[in-house]
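Letters A, B, C and D mark the chains in the order given here, with residues in each chain numbered from 1 onward.
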């Protein structure tokens, strides 16, 4: 998007919690809705998270394709966990808002959302997600793109033992 | 939002299909994902659609509240079916894009999305959805708001018998 | 948007700075771009701000109507100053993001943006703006709607004497 | 954003009007607001358009940086003209909606918006714009990112001689 030959400040993905991958995995596992639809985290890197979801008829809209709400769910969560990789140990991530463009019918056997942090901040994080479907021949087709704003909640544990029932955590 | 004492062009909700309510109900019933999560249409008026979803633990995020993806799903569908009420008999509705602001944790026993058309058009429709949770004491708390762009697809049936497997329909 | 007969928590517009109107007026006056295009604040209430802009050919797109960027500018600022009315004395307001739907050509002699806070928060504020054009016969036509996220920056003055050249303030 | 080693359908930038660059230049020149703020098109490629704007105090917000409305204007127009490069000779481009994330104060001597088409379509186009400021030392800093939906209006000239006063054209 931006020419490589200009001197643009690169994004600095400082990881403050070395156990970020374990933390993402554990938080994801606590989201009952992810298990309900069958989603799984497949890649966790600093500022980056990919989530996959195999097709099941229960996830369909009226033509049988992945429902737009499922596409949005995966995009939102990919942005959320990409951002969560950069969170300090004592902080949670909240989705403030996201915008989703649905670009093509999500017809395929696997839905893939790739979340990437664009702008890490102390309080606010901006992330992007591209969503594709993989078809039986192994090819991928882009079906949606999202742009999200997330908020780091300092002093709010994502973990249930902290007793923070007032919010926190992705979505 | 706009003062009542100025002469602003009112929104014209011309219904071109008298059986719009039946059509919304039938399309909603074909969306397997709606049955999977337990959502139901509760109100269908010209340019308007309300959808409800009782709480179930499977719909939760890590703190047990309604997952943000579920909130987005209901908002998207409320906008979609509010718009679909205005569609001609031979047209479908596609969600082009939506933006969702998550304003509070969705903690409650019932999730309610109220979709309203703001600007009906021949090709593009703009709709808004407000999402609340109802709590055990009967009170409601706003948890999210969405602004969506929908597209009327002329000559594309929402119904499966037309054989349009290439798209169409809400989401 | 939400039925009046249900018990929904109303929005609480607690004003923490009694001189909010003066503060909005003074901040607006410091925005050189507002004077450059000819915009003026016409109403300031708690959680609410209306901005007007008379038509000038310099503000036009290729057909002579108000340029979309001008429409977005007014919507953004109306949301920003509606939110700023609720800011504590020592806080500024930053626009985090906004989404704008352009619904009709902005053809008229006056552009009017009405910003309203939907959800006041300690850190984040959600606001909406409806933009209309007034025509020579006095009638108004809605041309755009926006949904914005703003951030309260505590301890960051909007005023230049504080020497905060690093940011702060609407937009 | 998407791994290079998977087989994803590439975006096909079919140019249907060989004189696309001239057409963009001419349309831009008809937008009085662009001359008023001092913006200029610097690059026009199929599916791509870069716009620059030198700093002037009149474009400032209260701290003197580029106003958020100016940032949004440039992002919107970069998306619009990136999309316009792909338009047939007899079609115009309308901005349907855009979302803008303001990520850092726009403090610099030059504002640069780089618009890129993500998904070209017969009717709807999705585009993205990244906005940076260039500083006196030649370095660039990202300040905003936008995601936009555009509409191709067939049979609607962008040119004034066609007498289409009802709309059409970017913004």
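Everything that follows uses one rule, which is that a contact is a pair of C-beta atoms (placed from the backbone, for glycine too) under 8 Å apart; a residue touches a chain by one contact, two chains touch by 3 or more.
Here the structure is a predicted model, which is why all the values come from computation and not from measurement.
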item: Shared interface partners, meaning chains that touch chain A and chain B; value: C, D
item: Chain pair among C-D, B-D or B-C whose interface repeats that of A-B, sharing over half of the contact pairs by residue number; value: C-D
item: Longest centre-to-centre distance from chain C, chain (CA-based); value: A
item: Centre-of-Cα separation between chain C and chain A, whole angstrom; value: 31
item: Geometric centre distance via CA averages, chain D-chain A, whole Å; value: 28
item: Distance from the mean Cα position of chain D to that of chain C, given in whole angstrom; value: 23
item: For chain A, residues that touch 2 or more chains besides their own; value: 96-97, 99, 101, 104, 149
item: Residue numbers on chain C that touch chain B, as the complex places them; value: 1-3, 6-9, 99, 101, 103-104, 114, 116, 118-119, 121, 126, 128, 130, 132, 138-142, 145, 147, 149
item: Chain C-touching residues of chain D, taken from the complex the two chains share; value: 27, 30-33, 35-36, 57-65, 67-74, 76-77, 80, 94-102, 104-105, 107, 158, 160, 164-171
item: Residues of chain A defined as touching chain C within the complex; value: 96-97, 99, 123-124, 149, 151
